[in-house]
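The structure appears below as structure tokens.
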Amino acid sequence: MQEIVNRAKELLADGTVKRVLGWKAGDLPYNPEPAYFEKEEDLEEFVYNGFCGANLSKYMIEASKMEGKTLVFLKPCDTYSFQQLMKEHRVDREKAYIIGVGCKGKLDIERIRRMGIKGIKSIAGANLEDEAETLTIVTLYGEKEVPYKDAMLERCHVCKGKDHMIFDEIIGESKETKDGDRFAEVERIEAMSPEEKFAFFQKELSKCIRCNACRNVCPACSCRKCVFDSNKFDSAQKANVDSFEEKMFHIIRAFHVAGRCTDCGECSRVCPQGIPLHLFNRKFIKDIDELYGEYQAGADLEERGPLTSYQLDDAEPGIVAERS
Amino acid sequence: MTDKKKQAELIREISGVNPLKCMKCGKCSATCPSYNEMDIKPHQFVSYVINEDIESLVKSRSLWKCLSCFACVQRCPRDVKPGKLIDAARQIVERQRGGDYLSPDEIPELLDPEIPQQLLVSAFRRYRR
Amino acid sequence: MYKIKREDLPALFQKIAADQELYLPVSTAGQTNFGVWREEAEVDLDTLKTVKSPKDVFFPQSETLYTCYREGKKLSVEPETLKEQDFVVFGMKACDIKGVEVLDRVFLSDPIDTFYAARRDHGTIVALACHEPEETCFCKVFGVDAAHPAADVAAWMVEDTLYWKPETEKGQKLTEKLADFLEKAEDAGSETAVAEEEEKIRSIMEELPYSHLSLEGWNGDVLMEKFESPLWEELYKPCLACGTCTFVCPTCQCYDIKDYDTGQGVQRYRCWDSCMYSDFTMMAHGNNRTSQKERFRQRFMHKLVYFPANNDGMYSCVGCGRCVEKCPASLNIVKVVKAFQEKEGAKA
Amino acid sequence: MLRIGVFVCHCGSNIAATVDVKKVVEMALHEPGVVHAEDYQYMCSEAGQEKIRAAIQEKHLSGIVVCSCSPRMHENTFRNAAERAGLNPYMVEIANIREHCSWIHKDMEEATEKAVILMRAAVAKVNLNTPLQPGESRVTKRALVIGGGIAGIQTALDIADAGYPVDIVEKTPSIGGRMSQLDKTFPTLDCSACILTPKMVEANAHPNINIYTYSEVEKVSGFVGDFTVDIRKKARSVDMSKCTGCGVCQEKCPSKKTPSEFNRGLNNRSAIYTPFAQAIPNVPVIDREACIKFKTGKCGICSKVCQAGAIDYEQKDEIITEKYGAIVVATGFDMIKLDDYDEYAYSQSKDVITSLELERIMNAAGPTGGHLERLSDGKAPKEIVFIQCVGSRCADNRGKSYCSKICCMYTAKHAMLIRDKYPDVNVTVFYIDVRTPGKNFDEFYRRAVEEYGVNYIKGQVGKVIPQPDGKLLVQGADLLDNKQILKEADMVVLAAAIEPNPDVRKIATMLTASIDTNNFLTEAHAKLRPVESPTAGVFLSGVCQGPKDIPETVSQAGAAAVKAIGLLAKDKLLTNPCTAHSDELLCNGCSQCANVCPYGAITYEEKEVNDHGIREVRRIAVVNEALCQGCGACTVTCPSGAMDLKGFSNRQILAEVDAICR
Amino acid sequence: MSIEAREEFKPKIVAFCCNWCSYAGADLAGSSRLSYSADVKIIRVPCSCRVNPMFILRAFERGADGVIICGCHPGDCHYTSGNYYARRRMTLLFSMLDFIGVENGRTRVEWVSAAEGVKFSQTMHEFVDKITSLGKNVRLEDLRCRKS
């Protein structure tokens, strides 16, 4: 981490960048927040550890409007989002100095809480430099040990890989964390009967409080004004007054990001109600891969997205009925 | 529904044929190997069904002269399949006699050396589709 | 005081729910929120904090106000009826009850919100002391006693026994109704068990990292100074402008009134709004808070400055810590207070 | 809110017999915004339009709904009526209560209920209509004719005579098409070449006509008045400017084993060839598949013998890009393949031939020098059987569902010519129906029977069985005599069905012209706009639109030319105002809309906007209204809903959905 | 469902037809007097690519029981490529609806040319039968829109 801080200080000092976009240590062991640093001394508060899950690429939309370059730290998966945003002209590459940072999987405090751990006083083993495979958590109610892997975000179990798609330089090593099948859960649901599927999503979505955290954190949901905030389709909604609206919002949101979603998993990470929102996006990704050829949004700058291109012999919509 | 109409309906149902599609080209009769043996000619089957005169069809000599070779079915440009119509008429007769469906197990028992090979071939043709 | 074995609680719930609605923490797809008790519901009394506060029992996320029906060119209006049946909320925590107190200030002062008032009148609150407070809790800062919640009935879960103490007339009435299920617990052992539990809770509260947060300097007198502080410019930056903090908050009371065209008419409903949203308080001429910084500031200024200024010093934060847990950008009211403290401390 | 008038048409009894129009009027008056409703016998009539005009003026209507036939019929009529009364024509919506309602439903109650709902949807939509103004686009005064048969030649001549330049693109090395393969023509028995060749020559010499033979249309973009077309001029390997057409190269060419396309493969041609003697241009092409020079690198005889030095083995395909205001499709037809009709032994016997092959055999320039003889043994036939409707009028998937229209007449012609030239030959025609509508057509057929003694038998042939002695046993039915006939013939001629040139599908796709399941191009209206494609600026000439004989083809060719001339005569066209437009406050500048726009109508500009007080420079989509054709692909791609389509806006369509689901 | 109840169920079906092919195909069905159920109501759109998933969900929200989108055959789009985009969009949307447990027969895409009046009427027959067999749409309906 010190290497990162030193490099940031250098770049600030020599005027390459006007500010640094990174993470600032929080007041609890697990709550660092995304932050801008404009002065070298501010960087004393900089932190980069297992709890820095936030994908900073969306902040670059705003940073692109600011004067001068912004140094931004991106994890391998974040670079897909950044590149996709570039493709859509939402961020300015010229305004960004990208340092790709290593990643050994990011931690999920909700998952730790779900293990029954509460009253957390400190957490050891979450730093990038820590070699330990376990987290040691000291709580008001005793000390707990948790394997690092078990506390990881879902997305890290299906990691896209250690490579940064776009960067100016790279600091730190990444670790292979993939140990799951990205589409296993989607397939499990696909195999259900329509009634089971409906019950599953009804239950999950009934928790939705329409806080819009999923949308606002999503790098693909970069609309200046979302259709659900505007009256373009009489679609402004502030609450899910009816179960229809829960579905409507999530289906349309997934549809709007289909072919653009990099599967960064931020939606599920931030959902206060723990709804597995990434399933919607992954379903689309799986369909796209199967029907139109494998496609990874944000992996390059040239390829047309699957919904803005076509093949003459694409599958007919009837395939949906045939498959199920 | 009159009896006549019912019978005609039954023929349509069994054969799956819409006789109204016929354009009276006569290719069925042109192609029929048993044409000369028949009193009602293949192309006429259609009009008998349309006119709901199944009675005559059932009583005709043609009923049992048709070889079920299905040349007419194959060649009919309008998908009318006169062979299927006459076959349906035969089935009506069979049903009246009480015979109807055979279960697959019964077939081997009924096959004896006396049965003409032609009948078997005909059956294969008939049930091929 | 009364007591009941934990294992007998389902029977108690069934009894309560027999003739009225019973709201209590229910787990759905892995998350616990207050919900209506049903036979098949997964009751969860162990989770300290429900994701959403139970405020929606009294102030639902959305409620219909009236419905217009259209027939040809004629319209008729049918107002929604107010809550008429009694109901029970079981398992509210001290902070949430304090939250209701804040809401009362808003909705029960003139002009009285009749929808809210009807729900308050008909609701009986059975509160549960916080068995194991967490690091995100800071209700102590707002004078809340997590060990002894101030409700119609206060309850403590000590090992496998629930101690039940009616403290108001409403509470007494409910207790009488449940006499068959509740066992008298006036023995010394019970008193001690509860007292020990209270003591334990209070001592943990002392230890919590946020419990000694100072709110010095947050009052109506410093309104302009706080409002104009350059700190906001830094603080708001990570904010995603989502409404998570407001929707999990037990005291956020802002709502929007909207119309829904049903095809045969219009349903007018109100639903929670969030000051974090860009169309919050949107008016015909536009919006008076055009930047996220202003919206962000609004939320904290309201909780810590405007509200106490208008409500005899009562903050509209109760220290439940939900926003601390749920903010996707790890922002929260504690960080804001601390940031000002640091800056002002440095200045002094 | 608008002041809406609803006008319900009876369409005589077409609507009124099934829809209770009074009820529709009554229900309309209950709809919000509707201040006037009336019904009338024929809304599209002068008197009906007058009612609309009067109501607009008297009741100050600002929106009109006409419940009548399809908008594809009379939308323009009613828009014009509204405009004459001072209302913007785009404030008119049509509820289609005829094609979509009265004509398909029998039950009055049901049909009326549906008509009311359709009316409501139209009222809901018109409530959100806004006045639209069409823009203008220029017209390139040049026409393209695809296909150089008689249809294409005639169209090109007519357009050229009117003073507009025309390009003909012909796939084969010469213009002339099917008609050049024919011997005589019915019903006058003119020699086909005698009447066609002068037209070919005229087209070639016309100063306004430019002919691209051995060329194909490769790409079409643009729209009515302003098409851009890429034409691939295939390498001819002969320099057209040098070749004198002397023909020595063809004589000397050692590769003479390629079946002649022109003679339907009945004989062979050389690798360097002109398809027929009167070919235009009279410049040969080298068939690179057959040419020894191209296959082995050795030979080069043609180059050596060519005095003009016109042979150019290095020639490459050339792409010519040209702009056109109008495009006429005249791609013609071919005979169907007879693989699926083997009961007629076409593949088994050389003496079973198609009618077009008979044309070549009868033709003096054909493979037999005009002598009627059996291709198997060269003997003169004594018995000839003609079989009609081979592959036409078929309901199965072997053939075509339609009547090929020309076979009855040309078979009569063939029969007559044979009986005339070879009176000792017996001619029998098996027919299903003899169809001879047309001037002097039935008389012609009767002459074949009455004067020439052609034996017409009502009945189809079931099978043709080649005999060991070379005879053909024809098994047919005589339905009138109720006999099965077995007849020995020396020759059997099949009237094979005709089908549109298979390439037409490719061309239709390029032109975005619609095509039916039989590959015939669809006309804009079956009766009223028979030579126009629904795609503006594209016209149809000849058999590409449906089976036709020569006189019909020529008259349709002229009609297509008139339509094209009518278009070219205009300097400017009014463009469709129903175009996309982007809300600059919502646009993200993400370029997704530009990615799906088929017309390249969307560009981006950096623009300063004032978003409720926030002033900033944003990248914003801008729609070029002259290029936008209003498909709406961009509107769905746009996630924020910034892109919308005038005339079919999101809210309009949603209003219709709501009204239908109410 | 009893037979009587099924006979009483009159599905609401919204058909989006592109102006150039399918709407004309529907016109042809009309002028050829090829009947189909009056439960089908047609909305004219310029192209199948104009159909936004929002329209389809809105129809269901308002109580439609089935939504069918008809466009030109692939390759025949009046706008060259609109139906190709529509094909991908609708395939994915339908797949998502299937994924969340909406009966997949409620949505359909059919390519109907201007010449296919017969196909149009047959398609509508089939679709109405399918929707009738599926019954009322309850999984994608906004209860507030239910007629009281």
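In order of appearance the chains are A, B, C, D and E, and numbering begins at 1 in each one.
Definition applied: a residue touches a chain if its C-beta (ideal position, glycine included) is under 8 Å from a C-beta of that chain, and two chains touch if they have at least 3 such contacts.
Quick caveat, the model's predicted, so the values are computed rather than measured.
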item	value
Shared interface partners, meaning chains that touch chain C and chain E	A, D
Touching chain A and also chain B, the following chains	D
Identity of the most central chain, Cα criterion	E
Far-end chain from chain C, centres as C-alpha averages	B
Interface with more contacting C-beta pairs, comparing A-D to A-C	A-C
Separation of mean Cα positions, chain E and chain B [Å, integer]	41
Chain D and chain E: spacing of chain centres that average the CA atoms, whole Å	29
Intercentroid distance (Cα basis), chain E paired with chain A, Å	37
Length of the line joining the C-alpha centres of chain B and chain D, rounded to whole Å	43
Residues of chain E engaged with two or more neighbouring chains	52-54, 58, 62-63, 75, 81, 85, 89, 142, 144-145
Residues of chain B engaged with two or more neighbouring chains	none
For chain C, residues that touch 2 or more chains besides their own	260-261, 263-264
Chain pairs in mutual contact under the definition given at the outset	A-C, A-D, A-E, B-D, C-D, C-E, D-E
Residues of chain C defined as touching chain E within the complex	260, 262-264, 267
Chain E - residues contacting chain A, complex	52-54, 57-58, 60-61, 74-75, 81, 84-85, 87-105, 107-109, 139-144
Residues of chain D that touch chain E when the two form their complex	70-72, 96, 98-101, 103-107, 110-111, 113-114, 117-118, 121, 505, 508-509, 512, 514-517, 520, 522, 534-535, 578, 596, 598, 629-633, 635-637, 645, 648, 650, 653-654, 656-658, 660-662
Sites on chain A touched by chain C in the complex	26-28, 31-36, 54, 59, 109, 114, 118-121, 139-141, 203-204, 206-207, 209-213, 215-217, 225, 229, 234, 236, 238-241, 269-270, 272-275
Footprint of chain D on chain E - complex, ascending	12, 14, 19-21, 23-24, 26-27, 29-31, 33-36, 38, 41-47, 49-55, 58-59, 62-64, 72, 75-82, 85, 89, 113-116, 121, 145
